[in-house]
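Got some structures for you, see below.
Two complexes are shown next, each including subunit A; its partner changes from subunit B in the first to subunit C in the second.
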Partner chain A sequence: MSTLVTILVDGVSYASWLFIVALGLTLVFGVLKILNIAHGSFYAVGAYVAASFVNWFAGWQLPPWMSIIALLCAALAVAALLAPLVERGLLRVFYGRDEVLLVLVTYALFLILEDVTKLIWGANPYFVSAPYSLFGNVAVGAQTYVGYDFMLIGVAVFCGVGVWWGLNRTRIGKVVLAVIHSAEVASSMGVNISRVYTFAFMFGILLAALGGALTAPMISVQPGVSVGVVIVSFAVVIIGGLGSIQGAAIGALIVGLARALAVHTWPPAELFSIYVAMAIVLVFRPEGLFQQVQARKI
Partner chain B sequence: MKRLLAHPVWAGVAGMALLLALGAALPRWLLFLCTMSAANGIVSLGIVLLMRGGVVSFGQGLVFAGGGYAVALMANKLGVTDALLLTFAGGVVAALMALPFAALLARYRGIFFSMLTLALSMVLYGVLVKTESLGGSDGFNMSRPTILGMRIADAWSGYVLYALAVVVSGVLAILARIYFESARGLVSLAIRENELRVEYLGASTSRVMAANFVIAAFMGGVGGALAIMALGHIEPQFSYWTTSGEFVFVSILAGHYSVFAVFVASFILELVRSFSSAYFPNTWQMVLGIFLLIVIRFLPRGIGSVWVGWQARKEGRS
Partner chain C sequence: MKQTSRALRRTATVLALGACFASGGALAQETFKVGIVSFLSGPAAESFGVPAVNGAKVVIEAFNKGAAPAPYNKVGFAGMKIEPVYVDENGGATKQVQELRNLYDREKVDAVVGYVGSGDCLAVAPVAEEMKKFLILYDCGTPRIFEDKQYSYVFRTAAHAAMDNISLARYLKARNIKAGSINYINQDYAWGHDSRKDFQAAMGNLYPGSKTEADLLPKFGAGQYGTEISALLSKTADVTHSSLWGGDLQAFILQAGPRDLFKKTQVVFSAADHVLPGLGDKMPDGVILGARGAYGLMSPKSALNDWWWKTYETANKIYPVQAPYRMVQALLGLKLAVEKAMAANGGKKPTAEQLAAALRNSEWDSPAGKIRMVLGGGHQAIQETAIGRTKYDAAKKMVMLEDIQRFPAECVNPPANVKSEDWIKAGMPGAKC
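So, the complex of A and B:
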């Protein structure tokens, strides 16, 4: 019984940061039709900037809860500075190309960012465990869990509901939905497509960087964190169906629980449990769980 | 003579003879570089074969590692040491590995094909890392192979493996060229253009795609076998997604217009990699990334399109 609770808590808290990252990925795909391999790099940059910010803030003798603010500021800084640079400076050149070619463009971006982070932050790991202990411990049954994990779940729910609400209940969201549906028609109705693209890309990167910033206290931030995240978040959005918010949520839960189940029952399967789950879903639902089948054009 | 060389088979044989003669004069490091680019080039040739049908595999690391591990195990555990036999066996094992998935994958297109192949290669990676008897994440070493029953002397090992890589990749390149111009090869191109029309015309697209996948897997296995014999060491990294990414990188660089371009692109990648890791060890990935962006921007159909374009213009004029 207690293992079951542990699997659930572990799985859901893993799923929650994963959902935040994958939500950004699915949003960028939905609007820009780009499957962004470099998404993991933005996650890594978010984690690095968060590590730097937390250390700066610590230098100013601020109260400990400010370290959370530092994490949020880090994510915002990445989204505000790096994202427009990449979208306007690089991706814009390649819009309208074949989708697999666009994947390669982001692969190139991934390679570049990988070295840029190494140049800026060096190869040594950073540790920012300060925010992790902020939320104390929570007892569930006989076990205690770290409060930070539950905070993560809250943030993930907030992000998911926020994005859903923003897309379906606000004017900007309606415009974005129109662009997702058909960029051409939206453009002819007077929507400034290029601004929507930049905005959507920035928002997607904000979520990636936020995911990175929030996990920074739980891991050692070092070269190579991006590589694993890319593939796992791909698995999430592929399971859920590209471009679907509910899909990302269910996908993250499936991946998180599959991994937690493997870790606590049969550890050798940890690495591939995720991909096995993805392969099983794809065999039965080739387009993912929440993707509508597209009509074939002659 | 000129007309003779225009035929792909003779052009390929002449190219192989030239490379074999040239190899005797090359320094050891360059021989190794050429061997690796030939081995990796064969894997990318498999991706190009798939690309002609409109799909890109992001998981050729699966068959690359599959062939490599099979060869290393055969050499260490079964005592099979003949390099030619091992190369062929690597290809066959990889093709057998791909066979059960071929029918399934043949239904997928675009990003879904790429992602599903990626998932398969990552499953193999996960299994390999956790298998202690295969050395876990460190992998294991393989002893040097023999060729045609003879032991290879130290001084000659570089050249013999180079020659083997040149001959095998040359033969596969010629076969690929013949396949590209066969009926099924041309149907692949048609599928890329418009799948539904091909089906209405009575061809089975899924059968063609499945066959392409298995052939590409065979090539991946052969490439893996050659690579591990040159390296003498194998590790799960062979199946990691960044390895597969490099194979895709080469195929995009080459484009799907010329078989020869694949090996040129593979050589360029090895060259850029080894030079930049020697001169700017911390930024060689950045160099690769920028290079890839420039190619996609200015040569969207790959470097092969350059001389295929020349040829077309020349023929148009005469």
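So, the complex of A and C:
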């Protein structure tokens, strides 16, 4: 029983971190139809900017809880400054072209951002662990967890519910859904497609950067942090169905729980378990759990 | 007649001097090109690649100025200026094979010093051998390179990884630390698997009856260790062994510290000195760790080490840890080998064969102690090592290492012609401790 509880807590904790990042990935694909390989780079930039902001805030002798505000500000700054630059300056040039070309463009962007982060922040690691200890420890059964992990679960739930509510219960969300359904029809109805694309991309990048910013206190921020997260995030959105928010949530839970189960019961299968789960889903639902089969447009 | 002979003598003198200057000028202009390959990007850059290249830069600059202490005080390599060519190791073994060919064929380097990744070392060594070009592997740990194959042109100037885990086990035994049960967390690739295997075998030998509890193999670059820490805490063992390094190790320590893992088990790290400057007070006290040699805070006191430490620290504003130490010991060995080969070659630049002959079975002083090429037919180094225990010094605002124990090279390295694994399993016969 105790092991089961531990697996559940570990699985949900890992899933929440993954969901925040995967949600941005699936949102960008849903609206812009871009499989953004550079998503992990925005996660890394979020982590780096967060490290800089936390250290910057610390220099002002502000109360410790302000470090959480610094993390959020970092994510907002990346979304507000870097995302429009990339969307308007680069991606827009390739809209309407083959989707494979866009994948290659984002791959190139991934390589560029890897070097840019190194040029700006260098190769040395950054440590910003102050926010990690703000929430104390929480005992669950025989285990002691860091309260920050539960805060992450709360943020993930907030992001998921917020995006669902925003898309389904607001006017802007309905406009975005109209663009997802058919950009041409939405455009003919007077929707400014260009603005929707920019907004959706910014929001997707906000989530990637938020994932990076919230992870920064748990790791040493250094070159290479972008690679691992994007690979697992792709597994999540493939399981859930590209472009589906519910799918990303369920996909993240499946990956998190499968991984936790493997680590606690049969550690060599840790990675294997993620891709077995993905393969099983794809056998029965090749389009992912929450993606509707779509007629091909001719 | 007298005037004619004087004129002839003058002319001869001028011609002789001209020839002398001409040859001197040619020697002065001749350079020795060295390809330096290490991680300049990717996850291994911060901990290993960049510090090693920083070490190469300062030591090559010192060599070219003739500023290194004796016997390394000749300018460059015996008067030849050293011209480094830096190459990024990131990108996988296939890319490295091509890059190595480019270094020899296009860049026309005289020697290559490089490679952190064991996979890269295993891939490039046969290529250098096939091309009959001189190669020094300066960092990678896998024992397999010279235990599975013989080479003529390939050398490794640092001890292999078996030493790290044998010395950790000996350290625990020397202090009679309880180790009836052991947990493992190592990365899921050659380095992690080999380290676990060596430590497991050494502990089985020194602590008969010790049993393995959790045996975790997270992927390289995992970053998130919450689940693994829960698994380690679920089966709390007397000792927890890990060969994690770089960002993975830092993330593990940051996440495991607040959950009191370090208070519930004696954690031992086989290669962790490089995270100490960055982690500072986040590094728990009492952790037993090695540096894959007597490096950094565990380096021996010597004039050469003092010079190296000061040179590196002045240039980089941080003290040198294991990666730059291994780079400098490779370059010191190369310098002596080139100069010895040149002397044997009438002062001319040596060929790859002459260089290999000069380095084979040689020995030299490094900041970390004596390096001796005694394994793998004289192509694989052994060296002394050290293990210590962490203690944060609030006054100095840095992590120090205390209770340091040094292990002679013959105590923790197998003898010639014996595979490490077989030696450990046989109870490490002939070890001179």
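Throughout what follows, the second predicted complex is superposed on the first by the 295 of 298 C-alpha atoms of A that agree within 3 Å, B and C clash if a C-alpha of one lies under 4 Å from a C-alpha of the other, contacts with A are read in each partner's own complex, and residues count from 1 in each chain.
FYI, a contact is a pair of C-beta atoms (placed from the backbone, for glycine too) under 8 Å apart; a residue touches a chain by one contact, two chains touch by 3 or more.
Predicted model, so just to flag it, every value in this text is computed and none were measured.
Three-chain overlay on subunit A, with subunit B and subunit C in a clash.
Once chain A of one complex is fitted onto chain A of the other, the partner contacts of A:149 are limited to subunit C, with no touch recorded for subunit B. Look at A:234: by the touch rule set out above, it reaches subunit B but stays clear of subunit C.
After overlaying the two complexes on the shared chain, residue contacts for A:10 are found with subunit C alone; subunit B is out of touch.
Contacts of A:283 after superposition: subunit B is touched, whereas subunit C is not reached. Of the two partner chains placed by superposition, subunit B and subunit C are both touched by A:115. By the document's definition of touching, of the two partners only subunit C reaches A:215; subunit B does not.
In the superposition on chain A, A:97 makes contact with subunit B only, while subunit C stays out of contact range.
Look at A:264: by the touch rule set out above, it reaches subunit C but stays clear of subunit B.
When the two structures are aligned on the shared chain, A:127 is found in touch with subunit C, with no touch to subunit B. In the superposition on chain A, the residues of subunit A contacting both subunit B and subunit C are 114-115, 118, 227, 268, 270-271.
Interface residues of subunit A facing subunit B in the complex, by the touch rule stated above, are 35, 90, 93-94, 97, 99-101, 103-105, 107-112, 114-116, 118-119, 227, 230-231, 234-235, 238, 242, 268-273, 275-276, 278-279, 282-283, 286-287, 296-298. Looking at the complex, you find that subunit C touches subunit A at residues 40-46, 49-50, 188, 214-219, 221-224, 226-228, 230-231, 233-234, 246-247, 250-251, 254-255, 258-260, 275, 278-280, 282.
Of all residues in subunit A, only 3, 6, 9-11, 13-14, 17, 114-115, 118, 123-125, 127, 129, 132-133, 137, 142-146, 149, 215, 217-220, 222-225, 227-229, 259-260, 263-264, 267-268, 270-271 touch subunit C in the complex they form.
Put simply, subunit B touches subunit A in their complex at residues 56, 58, 104, 107-108, 110-112, 114-116, 118-120, 122-123, 125-127, 129-130, 194-197, 241-242, 245, 248-249, 252, 282-286, 288-290, 292-293, 296-297, 300.
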